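Below you'll find the structure I mean.
By letter and in written order, the chains are A, B, C, D and E; residue numbering begins at 1 in each of them.
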Amino acid sequence: MNTLSLITFIPLLGAIIVLFLPKDRVRAIQTTAIAAASVSFILSVALFFFFDRATPGMQFVEHADWIPSMGISYFLGVDGLSYPLLVLTTLMTLVGLIGSLGVKNRVKEYFFWFLLLDVGMLGVFEALDLVLFYVFWELCLVPMYFLIGIWGGPKKEYAAIKFFLYTLAGSVFMLLAILAVYFNSTPHTFDILALMKAHSAWSLRFQILVFLGFYLAFAIKVPAFPFHTWLPLAHVEAPTAVSVILAAVLLKMGVYGILRISYGMLPLAFHWFLPYLVVIAVVNIVYGSLCAMAQTDMKKMVAYSSVNHMGYCLLGIAGLSATGFSGAVFQMIAHGIITGALFLLVGVIYDRAHTRDIAAFGGLAAKVPVYGAFMFLLCFASLGLPGLAGFVGEFLCFLGAFARWKVYTAVAVLGVLATAAFFLRMLQKVFLGPLNAKWAELPDMTARELISIAPLAALSVIIGVWPGWVLNLMNATILHMTAFVKP
Amino acid sequence: MTLSSCLLLSGALFLIGIFGALTRRNVIGILMGIELMFNAANLNLAAFNHFLHPGGVAGQCLALFIIAIAAAEVVVGLALVLAINRNADTVYVEEFNLLKG
Amino acid sequence: MAESLIFYSLAALVLLSALAVVTMRNTVHSALFLGLSLAGLAGIFAELSADFLFAAQILVYVGGIAVLFIFVVMLLGRASDLHLRQINAQWPAALLVCAVAAAGLWRAARSFIAPAATRAPAPTTERLGRLLMGGYAVPFELVSLLLTAALLGAVFFSRLEKNP
Amino acid sequence: MLEHVYLIALIPLAASLVILFGFKENPRSRAPYLGIAAMLWCFLQSCAVFHRVAASALPLSYEANMEWFRLPVQIAGKAFALPLQLGVLIDGPAALMLCVVTLVSLMVQIYSLGYMHGDPRLRRYYAFLSFFTASMLGLVVSSDLLVTFMCWELVGVSSYLLIGFWFEKPGPAYASKKAFITTKLGDCGLYVALLLLFTKTGTFQISALRESVAHGYLAGAAATAVALGMLLGCIGKSAQWPLFIWLPDAMEGPTPVSALIHAATMVAAGIYLVARTYFIYLASPVALETAAWIGLITAFLAATMAIVAYDIKRVLAFSTISQLGFMMCALGAGGYAAGLFHLTTHAFFKSLLFLGAGSVIHAVHTNDMRRMGGLSKKMPITFVTMVLATLAIAGVPPFAGYFSKELILKAVYQHSPAMFFLLAAAALLTAFYMTRLIMLTFLGAPREEELHQHAHESPASMTGPMMLLASLAVVSGMALAHAGFIERLLPLSAAAPAEELAAREFPEWLGAGVSVLGALSIVLGFLLYRGPAFETAKALKRRFSGLFELLENRYGFDAFFLRLVEAADALSRFCFWFDSQVVDRVFVDGWGLLTLIWAEAAQLVDSRLIDRTVDGFGLLSLDLGGGLRALVRDGQVQEYLMYVAIVVSLFAALLLMR
Amino acid sequence: MSGLHLLFPEVALSVMALGVMLADLFIAARHGRVLYHLGWIASIVALLLVGVTISDPARYQGVGTLWSVDPMSQFFKMLVLLTTVLCLLLGLEYEDLPPAHAGAFNALLLLSTAGLMFLVSAVDLLEAFVALELVSLSSFILVGFERSRSKSNEGAIKYFLFGAFSSAIMAFGISLFYGVAGTTRLIGLSRSLASNPVFLLAVLLILLGFAFKASIAPMHFWVPDAYEGAPTPVTAYLSIAPKIAAMAVLLRVFTILLPASALRLTGLLALLAALTMTIGNFTAFFQDNVKRLLAYSSIAQAGYIMIGIVAGNTLGLEGVMLYSFIYVAMNIGAFAVAQLVASQAPEGAGDRYGLSSFDGLAQRSFGLALAMAFFLLSLSGIPPLAGFIGKFYIFSAAVQSGHYWLAACAVVNSVVSVYYYMKIAYHMFFMPAPDQVPLRLGPYLCGGLAVAIAGVVIFGVYPEPLVASVQASAQYLP
C-alpha cells in the first residue's frame, strides 16, 4: 500500500486534470480540485486508524530507488512528528480550496497552482531523503509565488517576489548544507535516518557550519527574527486561502525542519545554538506581539501574531526537552488550525467591506453575530485561552523551556499578555461599541464560509479540551528523540 | 639573429597589432591590426621551429594554417564591412551602437 | 653578421611599417604599409629557413590580403579618415595596456636561450606537403571547409539584394 | 454521590451549550428555565456533598481522577509519558465553595428573570451565566492545578463576555477588555508559578503537590517564587492592590452579573486558590507575609475609596475589593478558616447588596446615588434586605459578617497587632460607607422627584432571591460558627504556624471594642448624611478637597496603569517602526544579494518606492549592478576589446614578471 | 592518419552540408523550406551515425593523431547535433530569414556543427584551432544573416571583430605553446612544463580563445550584442552549441590533459567562473529585451557549468555533461517561446522582443506560458525541473572538491537569477493581456517545444537514465 504516495500525488493528478480542462469550465475545475484534496485528506485521516502510537520510528515507509547513481532515493515515511502535520496539511488544503470557491478570476490557473502547492507541502513532511526533501521544499515556492502574485492585493508582485527570493535565498544554503552532509558521511548518503546516526563522526565546527546552512532556510520559513519581514507583507497581499495555507502549513515546514534535521542530524551544533535560539524565540514572541499591537490592518495583525506564535514553537524547541518538543509540534497544529481560521475570517470581512482597517469598523457583533462568535472564539484560541487549542501548545512550549531557561521563559510569558492585548483591542474596536452605520447592511456568513471555518473552530475546541489524541500520536516519537538529552 | 630577437620582434608586432585594434576607429583599420597580431604568431612559430624544434616542420605548418585562416577571416570581415556600409553607411565602430546595455 | 644585418633591417622595416599601419590617417596608406610590413616579415621567414612560408606569405598576404584591403577601401570610397582625430580616447588606455604587456613579453622573450642556427637551410616544402597530406590532413580539409564557408559568407554579404 | 460530583461542573456546561445551540434568540426565550433548572440540580447536589463532608468525622478529602492526556517529560533523567489527570478533589473548602457558588448562581439566575426581562439577547445571557458557573465550579472541584488554571481563565473569559454583555455601549466594551487584560497580567505570575511548580515537582495534582511539599521537594526560594507567582494571579483575579483597578469598571456589566461574578464567586477564586494551595504558602513565610500585607493594603485603600464614590455599584465594588482584602489578609496572617469563612458570608451578603442595588437601578434607571434618596418607602423589601446586608457587612452582631470578621481580626491580631489596627480601621470604614450608601439611597428626602415617582418595588422573581439571601446574611455566620463548625470543616493542613497562632492571646475586649466602634461609625454615617442635602458631608468634602480628590482618583492607580498602557503602545509602535524600517531594510541590505532585487522590484511594482529604496541601499545595489552594466553600456566594441587586452596584459605581466 | 574512420559522422555531416549547399542550386528560392528539412534530416542522420559509434565502442572509439573519439566526445557531439536539429526546427518557423538563402543558411549551420564535432574530439591545438575558426566564421555569417537589418549587421560585425581579436590572441598563445612544448598535441605533455611561466601564459591565452566561445568572462562582451542582433534560431544555436562544445574542450584540457590543479590555475578558473556568473546575473537584471536577457542568462549559465571544470573531479566532469544536456533543453525551449511570442507581438509595439510582448501570455495561452515558466524555473534551478539536477550535480562537485566559497557564490547567484527570470514570468502571468487570442503554434516549433519541455520535466522528475548515461560517458580514453 503506497498510501503516502497516493496522498501526495493525488493532488498532482488533480492539478494535471485541471491543466487539461478548458478554462471556462469553472465548475468542473473546482470539483476536480476539491475532489483531489478530499481524497488526499480522507486517506491521511484513514491512516489515523492504522498509525501505531507506540512505535517511535517511521511508519508507512516507502522506499524506492530514484536516482541511484547519485545515491538519491524515493523515501517516504511518517512518524509521530510528521503525521500530525501531514493531516494538518491535507485538512488545511481542503479548507483552503473550499475557501477559494469565491475566486472568480483565472480559476483554472488558481486551482492548478494550489494543488501543486499541496504536493510540495505534503512531500516536505513525508520525505526521508534530503534531496527529496529539498525538492518538495522548493516545490512550494513557485506556486506560492504565482498565487500571491496573481490573486493578491495591491502590492502583490512585490510581495510575491520578496517571498520567493527570501525563502529561496535561505533554501539554497540548505542545498549546500545537504551536500556538505552527504560528502562527509560514510558511506555517502542522503538518507535522513541514516544521517541521524552518522553525526557522531562530525566535528563541532563542521556541524555548526552545516547547521547554519540549514538554519537559515528554516529560520526564514518559520519565520524567526530577524528573517521574518517577508511574512507580514506576503500575508497582507496574499489572497485569503493562500494566507491560510501560508500560515497553517508553510511556516510549519521551518519548525519541522529544525526538529527533524537540525536537531536530528546535528545535535552538537544544536546544543551550541540553543542559547541563541532561545533569545530568538523570546524576541519572536515579545517583539512579534508588540509589532502586532501596532497594526491597524487586521490581516497584518494576524500575520504578526504568527511571528509571535511561531516564537512559542521555537521556545519549545529551545527547551530541548520532550515536553518542549511536543509543545512545539502541538503548537504547530494549533497555530495552523487557529490562524488558518483567523485568516479565513479576516477574508470574510474583507470580501464584504473591502477594507481590513480595524478603525473602520465598530459594533459588528450586533450585525453579524455568527461571524462575531467565530471571531471571538478563534481570537481567544489564538491568545491562548485554556480549553482551546492554542493554550495547550503554548503551555507545553513554556513548560518544556522553563526547566532550561527560567528567565527567558518568564519574559516570554509577558508576550502572552501582549497577545491578549492586541486581540482584545481588535475585538473591541471591530465588534463592540456602537455599530458603525456604514456597515448597517453587512450580511452574516454564508454557508460556504461556514463550511470552511466551522470545522476549524470545532477542532480548535476539541483538541484544546482533549489534546490527548494529538499528543498520543507523537509521544513515542518525541520520547525517542529526546531520550538521550541531558536535562 | 637570435631566438630572443625574433621573439622580441614578434612581441612588438603583436602589441602594435593590439594597439591598432584598440585605437583605430575604422573597422578596416581594426582588421589590419588583427592581421598584424596573426603575423606575430606566425613569426613566433617560424622562429621556434627554426631555433628550438628544427627537427620537424610542425611550426611552419601551423603558420600556414594561420595564414589561411587569417585570410578567410579578412574575406568575411571585409564582406561584412561592405554589407554594413550599404545598410548603415558607416565603417566607424563607435557608430555601431544600436545594441547596448 | 650579414645575416644579422639583414634581420635587423627587416625587423626595423616590419616594425616601422606596422607602426605606420596603426597610425596613418589614410586607410589606403595603412593598407600599403601593411603590405610592406608583411613583405618584410616574409623576408624574415626566409631567413628562418621557412621557404614555403615565405612564398605563402608573399602570395597570400602581400599579394592577396593587402590588395584586398586596398580594394575594399577604394570600393567604400572612404580612403581618408581625415575628419577623425587620430589620437582618441582609447589611446592612453591602449598605450598603458601595451606597455604592461610589453614588459611581460620582454621578459618572456629574454628567457629563451636557444642555440644559434644549427644547420644549413634546407627546403621544407616537401616535408610540409607530406605533413599536410598526412598527419594534418583532417585540419587541412577543415580549412577547406572553412574557406568554403568564408566564400559563402563573402558572396552572401557582398551580393546586392535583388529587391531591397 | 461523591462519585458523580464532576457532574456538578458538567451539567451547567451542558446547559450552556444546549441554551446556546438549542434555543432561538428571542426576548421570550424559555432558555432561562433550563439554566435555572440545571443550577437548581447542582445546588441540591452541592448541598448533598456538603452534608456528606460536614457529616464525616474526620476531615474528608475525596479525590477521583481520570487520565486526561499523556505528556512526554523528562524527570530525573528518565523520559516517559506522564499522564495528566482530570479529576475532582472534594474537601471542606471545596464543598463549602460549591454550595456558595451554586446557591448564588441560582439566586442570580432567578433574579435575572426579572432583571433582564425583555432583553433581546436573553438566551446568550443565560448561556454565558451557565458557562460561567460551570467554569467556576470546575475551578472549585478540580484536583489538578492545570485544570484549575484552565477554569480560572475560562472564568475570566465569561466575566469578559458578561461585563461586555451590553457591548453596544462603549463603556462595557472598554471595561470588559480592561478587566480581562488586568487579570491576565496577574495570570502571568500564576503561569510562571505553574511552570516552576511543575519543573520542581513534576506534577500539577494538588494531592501530589502536597506530598512534594511535605517531602521538601518544594521549599525555600522555589516555594516562595511559586507562592508569590500564584499570589500575583490571585491579586489579579481577586482585585487586590495594585491590580484592583478593573473591578470598579467591571460594574458596567448587568448588575446580576456583578452580584454573581464580581461579588461572590470569581473574585473569590483568588482567595480560594490561595486556600487550596495553602500548603505551599505555609512553606514560604515570605509569601504569607506578602499576602497579608497586600490584603491589608487593599482592604484599607478600597474602603477609603468607597467613601467618596457616588455610583451605587462602584461603592459596592470598592467594598468588595476591601472585603477581599480582609480575606487575603486573613489567609496571609494564618487565618485559613477565617478567610474562607468570610468568603462564604461575604458571598451571601455582598451578592445580596448587589442584587439590591440592581433592584434599585431597575427601579430608577440610574446608578448615581445623588439622584436617589428616600426610596425606602417605594421599595420596602429591597430596603429591608439591603439594611440587613449592611448590618452583616458592617460586622454588627449577630449578623453573618460579625462572626467571620471577628475571626479574621482575631487571626490577624495573633499574627501582628499593628496589622490588626489597620484592618480594624478598614472595618470601621466599611460600616461607615455602607451606612452612607443606605442613607443616600433609601433614606432622606427624594432628590429627584421624577425618578422617585416612577420607582417601584421589583417583581417577586427579584425580591425572592433577595429575601433568601438576606436570611442567609443573617444566619449563616451564626450557623457556621456554631461550636467551631467552620474550623472543623476547614482544618489547617499543616500544623506549623498553629503554635505561633497560639502564642498571642486575642483579648476579648478588643473584639468588643471593634464592635462598638463599628456601631459608632454607623451612627457617624447616619449623622453625616442625615440632612436632605447632607451639608455636613459636603462641608467635610470642601475642607479636605485634596484628600477627596485623591480618593476619587483612586490614588492615581488608574492613571498609572493608563500610562503603562500608553507606554506599551508607544513601545509597540516603536517595534513596528523598527521592524519595517530597520529590520526589513538593514537586514536585507546586510544580505547584500537581495538589495538589487529590491531596487528593481520596487521599480517594477511601485515607482514611489524607488526613491526610498535608492536612499536606503544605494550602495551595493545600484553600484554593483549598475557598475557591471556601465562596463558595456555604450555597446562600443573597442571597449570590449580593451577589456580583453587588459586581461591579456595582466596575464602577461603577472605571470612573467614574477 | 590513424583512426580516420572514427570521424565518420563528422565527415558525413560536412559532406551533407556541402550537399545542402549544392541542392540550393537546384531548388527554387520559394521552396527554400525544403532545405531546412534537408538540414535537420542531415543532422539526424549524423546523430544516428554517432549513435552507431556509441553502440560499438570497440570499433568506433579511440584516439587518432589529432583527435580522440571517446564516450565523452560522443556525448557532446550528440548534444550539438540535437541542438542543431532543434534550431533548424525553430528556423523553419522564423519568418525573417530570406528564403532565397536557405541553402547558405543550412549549409553554414551544418558546417558550424561539423566544426563543433571536430572541436569536441580535438586533442591537438591545431585541430582545435581550425575547428574553432570554422565555427566562428560560420557563426559570424549566421549572425549577420538578416543582412538588411541593421541590428543583425551590427551584431555580426561586433561578433566578428571580437572573434577575430580573440582568435589572434589564441593563435599567439598557440605559437608560444608550440615554442615551449615543441608540439601542439595535448596528450603526453611533460609535467615539468607546468612550472614554466611562458607555458602558463600560452595556456591562458588559449584559454581566452576557448572562453570566447564559451562566453566566459572576460570574453563575454560580444554575447548580448550578437545574440540580440542574430536571427532567433541562430541565437538559440549560438547560446548552446558552441558554448557546450567549448566547455567540453575546456573540460578535456583542464581536468584531464592539463589538470588545472597541476598548473595551479584552479583559483583563477574559479575566479573566472564566479565573475562570469555574477556578471551574467547582475547585468541581466536591467534587461528589457528578452533575447538580451537570455544572453546574459546564458553567460551566467556558463559560469555555473564552469564550476564543474574548476572542481576537476569526476563529479565535476559528469556535472558539466549533465548540465550541458539539460541546458540544451531549457535554453532551446526558452528561445522557442521567445521567438513565438515575438513573432506574434502586437504591431507597433516597439521592440518585438521587449518584455512587454509577453504581457498576459498566461491568459492568451496558458500552456505556453507554463512551458516558458518551466524553462525559466529550470534555468534558475528550481526543483523538480531538470535545471535543478544539473545545478545539484555541479554544486555537489564544488562541495566535494572543497570549493565552498564558489558554491556559495553560485547559490547566491542562482537566487539573484530568479529575480530576472521571474521578471518574464511577471509579464506572462501578472500583467493584463492586450487580447485573449491564443498564439498560433506551428507544428515544427511545437515539436521542438515538446522535446524541450519533455526534457526539462522528465529529466527533472526522473533523471536516473540521464545521470546513468552521463556517468557511463564520463570515462575518458586519452
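Descriptive notes on the structure:
One rule holds for everything that comes next: a contact is a pair of C-beta atoms (placed from the backbone, for glycine too) under 8 Å apart; a residue touches a chain by one contact, two chains touch by 3 or more.
Since this is a predicted model, take the numbers as computed values, not measurements.
The minimal number of chain-to-chain contact steps leading from chain B to chain D is 1.
Between the contact lists of chain C and chain D, the overlap consists of B, E. Touching chain A and chain C together: D, E.
Looking at which of A-E and A-D shares more C-beta pairs in contact, the answer is the pair A-D. Comparing mean CA positions across the assembly, the chain most remote from chain C is D. At the centre of the protein atoms shown, by the Cα-centroid criterion, sits A. Remark: chain B and chain C have CA centroids separated by 6 Å (rounded to whole angstrom).
Centre-to-centre separation of chain B and chain E, using mean CA positions: 26 Å. The centroid of the Cα atoms in chain A and the matching centroid in chain B are 65 Å apart. Per-chain CA centroids place chain C at a distance of 32 Å from chain E. Within chain D, contacts with two or more other chains are made by residues 593, 597, 601, 604, 629, 632, 635, 637-638, 641-642, 645-646, 648, 651-652, 655-656. Counting only residues that touch two or more partner chains, chain E has 126, 130, 133, 137, 140-141, 144, 147-148, 157-158, 161, 165, 169, 176, 179, 197-198, 201, 224-225, 286, 412, 415, 419, 426. Counting partners per residue, chain C has 90, 93-94, 97-98, 101, 104-105, 108, 111-112, 136, 139, 143, 146, 149-150, 153, 156-157 as the residues that reach two or more other chains.
Applying the touch definition to every pair of chains gives A-D, A-E, B-C, B-D, B-E, C-D, C-E, D-E.
Interface of chain C with chain B (complex): residues 3-4, 7-8, 11, 14-15, 18-19, 21-22, 27, 30-31, 34, 37-38, 41, 44-45, 47-50, 52-53, 56-57, 60-61, 64-65, 68-69, 72-73, 75-76, 78, 81, 84, 88, 90-91, 93-95, 97-98, 101-102, 105-106, 108-110, 112-119, 124, 127-128, 131-132, 136, 139, 143, 146-147, 149-151, 153-158, 160. By the touch criterion stated above, chain A contacts chain E in their complex at residues 19, 23, 65-70, 106, 108-109, 131, 134-135, 138-139, 141-142, 145-146, 149-150, 156-157, 161, 164-165, 168-169, 172-173, 175-176, 179-180, 182-183.
By the touch rule above, chain E contacts chain B in their complex via residues 126, 129-130, 133, 137, 140-141, 144, 147-148, 150-151, 153-158, 160-161, 164-165, 167-169, 171-172, 174-176, 178-179, 182-184, 224-225, 228-229, 286-287, 292. On the chain D side of its complex with chain C, the touching residues are 638, 642, 645-646, 648-657.
Of all the residues in chain D, the ones that touch chain A in their complex are 25, 67-74, 77, 79-81, 146, 149-154, 157, 160, 164, 167-170, 172-174, 176-177, 180-181, 184-185, 188, 191-192, 195-196, 198-199, 568-569, 571-573, 575-576, 579-580, 583-584, 587-588, 591, 593-594, 597, 601-602, 604-606, 609.
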